[in-house]
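In the part that follows, the structures are each spelled out as structure tokens.
Same chain, two partners: chain A is paired with chain B first, then with chain C.
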Partner chain A sequence: MKLFLNYLSLHLKISLEYKSSFIMTIISQTLAMFVELFTVYALFLKFKLLDIYNSYELLLGFSTLWLGFSLIELFARGFDHFSHIIINGNFDILLIRPANLFIQICGTDICYEKIGRVLVSLFIFIYSSIKIISHFTFYKLLLLVLMVIGCMVVIFSIFIIGATICFVTIQGLEAVNIITNGTRQVCQYPMGIYKKAVRVFFTIFIPVTLVNYYPIDYLTGRTDNILYVFMPILTIIMFFISKFIFNFGLRKYCSTGS
Partner chain B sequence: MHDKGILHGNVVFCVVGKEDRFSPLVFLNVRLGGSMSFIVVKNLNKTFKVLQRDSGLINAFKSLIKRNYKEIKAVDDISFEIKKGEIVAYIGPNGAGKSTTIKMLTGILKPDSGTIVVDKLNPFNDRVKYVKNIGVVFGQKSQLWWDIPVEDSFLLLKDIYKIKDKEYQKTKDELVELLSLKDFLKMPVRQLSLGQRMRCEIAASLLHNPKILFLDEPTIGLDAISKAAVRKFIKEINKKKKVTIILTSHDMNDIEALTNRVIVIGHGKKLYDGTLNNIKKKFSKEKKVEIIHKKLESIPKIKDVTVLEKNNNKVLLNVNLENNNISNIIREYSKVCEIEDVNVLSDNIDDIIIKLYEEYDL
Partner chain C sequence: MKPYISYFKSELLVGLQYKEAALAGLATQFFWGILYAFVFQAFYNHASVDTINFKELMCYVWLNQAFFSLIIFVLRDNQIMDQIKNGAVAYELCRPYDLYWWWFLKHLSKRYAACFLRCLPVLVFAFLLPKPYNLTLPISIEAFVLFLIALFLGTIIIVSIVMIVQTISFFTYQDKGITSIVSTVGALLSGLDIPLPLLPIIILSITEYLPFRLISDLSQRLYSGNIGIEYGLKSIGLQIIWIIILVAIGKLLMKIALRKVSIQGG
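Let's look at the complex of A and B:
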């Protein structure tokens, strides 16, 4: 953990080295985020889905996903750029170090430019949960935290699996982007609008519903089942599976260059 | 190297013998400890699948449907042993399998078959434990961070290897002194020259006091002064800290300056393992002799000597040393002229290696 903090401070130093580019990127990324938000909102207004779904529920589901996604992009960008790490031969350098590989891969690129997105989604997340939850209990607060963490775990696992594919293909696959961005695009809308098959897919294979769909029922009071609070914890299973796949892929790794 | 080991054993035996009269057990221990191999590589194999495709766009599309893979044996049944404190040069032409072997020795790649045991550990399976004891410098890859001062990269390594403050300070000061890094320790890596950067890379790989140092082309692209500095340092670190060093290089002067033991590989196979002098003897049977003379009337005919060049005051000869020697030639020439100067031109080590590669058809 100390190592990870060291990585954080190193990257902050690097980001500040190129100050103006750093600030410009934050601004543009934040603006892009708002555009996305308005698109979703406009779409919903058009189809009058807001009659069924409270607009704040919509916002909460949306912001949970965005918060998880932008946090992982902030801290684990290295996995997203894993094909570059392999092609440069930098992965060899990571392998000759006795530290945890995942922390080292995350440490290769910490993308502080995403901080704008994190803050905007955090703001929407807090704002919409205040509007939804009529009275706060300990479990509801716990669930809110678990939702964000669970969402991070899911996205992180997808990143890990995507990185694993690079062991075989060397070049990153665009298919991985379909999974990462696709998941984000699909899951930012409430799952209720999709057919059941889609919902099952996003519960079993990519368990996003466990963090931004079912738990919201508990927050709004539609259900009192305490199990809903601990639902996001199940995402850890996906993490262990992806970790296993990654370690398996490592055995297939053939380095590049001399 | 082996002779030295025996000698060393005997010396210790004598010292022990004084106190203990005769103790074969101690003697045996010392002998075993002295000669036991630190790195043992046995029947190592690694095959890569390489995509075969003819050039051109149409062929590129064709290869989308049907892919032809060719198996290339990068490392083919290689075995060797290295003792503690040895410096071994691992040489071969490009694509011979040097880097692949180094990558297997450092735990980066998993061997297809064969075993590697280094200090009782298996590099790939015990990777995390193993890499604590090794330092690696890849001449073509940087382990320093481009945008931040060198010292910050060092501090990160301190955390990665969990080096204690005191130890870190001591090792760092020592390395800064030996490699004279003081002036640019606070500069970002991107502003350093290649020579300065390479010195920092080497320092970075030694911060945790490794037992083995792998140097993959450490002097690539360096100027003469930096090369000399790097060589001097490598020798020093080997002597002082008894670091076992395995290096690959295409610069034969590196190898000549640093080590006597050479392992040559080509097409993945081990071709030679022994001293550099033996290679020289074997492949340098001919020498060029330049005689600067006055008043040479006619060139004497000597067996196995051919005249390459003839000037007013200079003769260049190619001498086969198997049936001839230099003094004989000088004697013959002094009979017919006044010799002003004689230059014996040894084969350049690069030429010898070219001959070696040619002999093995590389």
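Let's look at the complex of A and C:
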């Protein structure tokens, strides 16, 4: 953990070296998120769906996903850029160090530019949950925390699986980007608008509905089933699977360095 | 004219070299098209809108995907920006052509070379898809001709906007911030994020006064017959006026920039 904190401060120093560029990037990244939110909202307005869907639920689902996504992009960008580490042979250096491999990979790139997205989506997340929840209970607060953590776990798992593919292909694949960005594109809308098959896919294979769709029913009080609170914990299964796949790929890994 | 044409040819050949990159791009375009189809289908299952029907919308989506590299704001590889940063721009200044048009043509040929490889497979794929999701034939021959003209002029507009943005980075020596802000807002206002007819009316009335909707929104809607021939002709006239304005601004900026330019590197 101390190692990771060290990485954090190092990368912060790097980012602050180029202040104006850093600030511009934060602004543009946050703007891009607002544009996405705007398009979601515009579509709901156009199709008159706001009578059926509560707009705060829409905001909560959206912000949960983006919060989890931006946090992982902030801390675990190294997995997203894993092909770079492999191509230039740096991965071998990481392997021989006596420290946790995952932390080292995360530490190769901390993307502080995402901080704007994190703060804004956190704000929307808190605001919309206050609007939705009529009276707070311990379980509801716990669920809110679990939703964010669960979302991070799901996105992190996708990143890990994407990185594993790099063991085989060496080159980064655009296909991985399709999965991450595609998931975000589909799941930033309330999952209720989709057909059941889509929801099932995003429950079993990429369990996003477990963190930003079903739990909202508990928060609004539509259901009292206590099981809903612990639903986000199920995402840990995906994490273990992806970690297993990663370790399997690691054993097959041949160095590219010289 | 000759150096420009030979540059276009060489750029096309370079593009053909990177077949994997082209294939990967193709896969991305297929996937995003299908993804949009899914999302919009979900909305159309609940209600319909009077500004555009699902068939026209699918044409819009697939044409956007097929001609993606023509109408997108930033292409990945930004040679010219690198030249400004590392000082190689000095060589460019020595060439006996007008720098504005030289770079203009460079951008244009890059876009067409990238598009040349990708558009046909995407179009064929989109035609072959099952019924509600497929790309249909153009509504009439006149509409198709207008579509081609509008798309070509739209490419000129986007390149002239890119030229302006790029010239500004002559002054700041960093392109990331401004390019990404312009491309984020531009993508929204030109209908690349979601088709313009699905945006609220307030935004639509703003886009009327901006050049962005003339980039691809006009041509895509002409194709499916979402807007009539007469309106199309008028808009094409508007496109030409915008091209003149944007090119004039770009050339003026370039003139000022070249007076102030300092060469980086040693």
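In the analysis below, the second predicted complex is superposed on the first by the 257 of 258 C-alpha atoms of A that agree within 3 Å, B and C clash if a C-alpha of one lies under 4 Å from a C-alpha of the other, contacts with A are read in each partner's own complex, and residues count from 1 in each chain.
We adopt the following convention: contacts are C-beta pairs under 8 Å (C-beta built on N, C-alpha and C of every residue); 3 or more make two chains touch, one makes a residue touch a chain.
Since the structure is predicted, the reported quantities are computational estimates derived from the model, not experimental observations.
Per the definitions stated earlier, placing chain B and chain C onto a shared chain A by superposition produces no clash, and the two fit side by side. Comparing chain C and chain B on the residues of chain A they touch gives the larger count to C.
By the touch criterion defined above, A:Ile14 reaches chain B but does not reach chain C. The superposed model places chain B and chain C at 90 degrees from each other around the C-alpha centre of chain A, with the value given to the nearest 10.
By the document's definition of touching, of the two partners only chain C reaches A:Leu45; chain B does not.
Of the two partner chains placed around the shared chain by superposition, neither chain B nor chain C is touched by A:Gly221. Between chain B and chain C, the smallest C-alpha to C-alpha distance in the superposed model amounts to 5 Å. Taken together, the two complexes place no residue of chain A in contact with both chain B and chain C. Listed in rising order, the residues of chain B touching chain A in the complex are 48, 94, 98-99, 103, 106-110, 127-129, 131-132, 134, 136, 138, 140-141, 143, 145, 147-148, 152, 155-156, 159-162, 188, 216-217. Across the complex, chain A is touched by residues 24-25, 27-28, 31-32, 35, 38-39, 42-47, 49, 174, 176-178, 180-181, 184-185, 187-188, 193-194, 198-200, 203 of chain C.
By the touch criterion given at the top, residues 20-21, 24-25, 27-29, 31-32, 35-36, 38-39, 42-43, 45-49, 52, 173-175, 177-178, 182, 185-186, 189, 193-195, 198 of chain A touch chain C in their complex.
The residues of chain A lying in touch with chain B in their complex are 2-3, 6-7, 10, 13-14, 17, 88-90, 92-93, 95-99, 104, 251, 253-255, 257-258.
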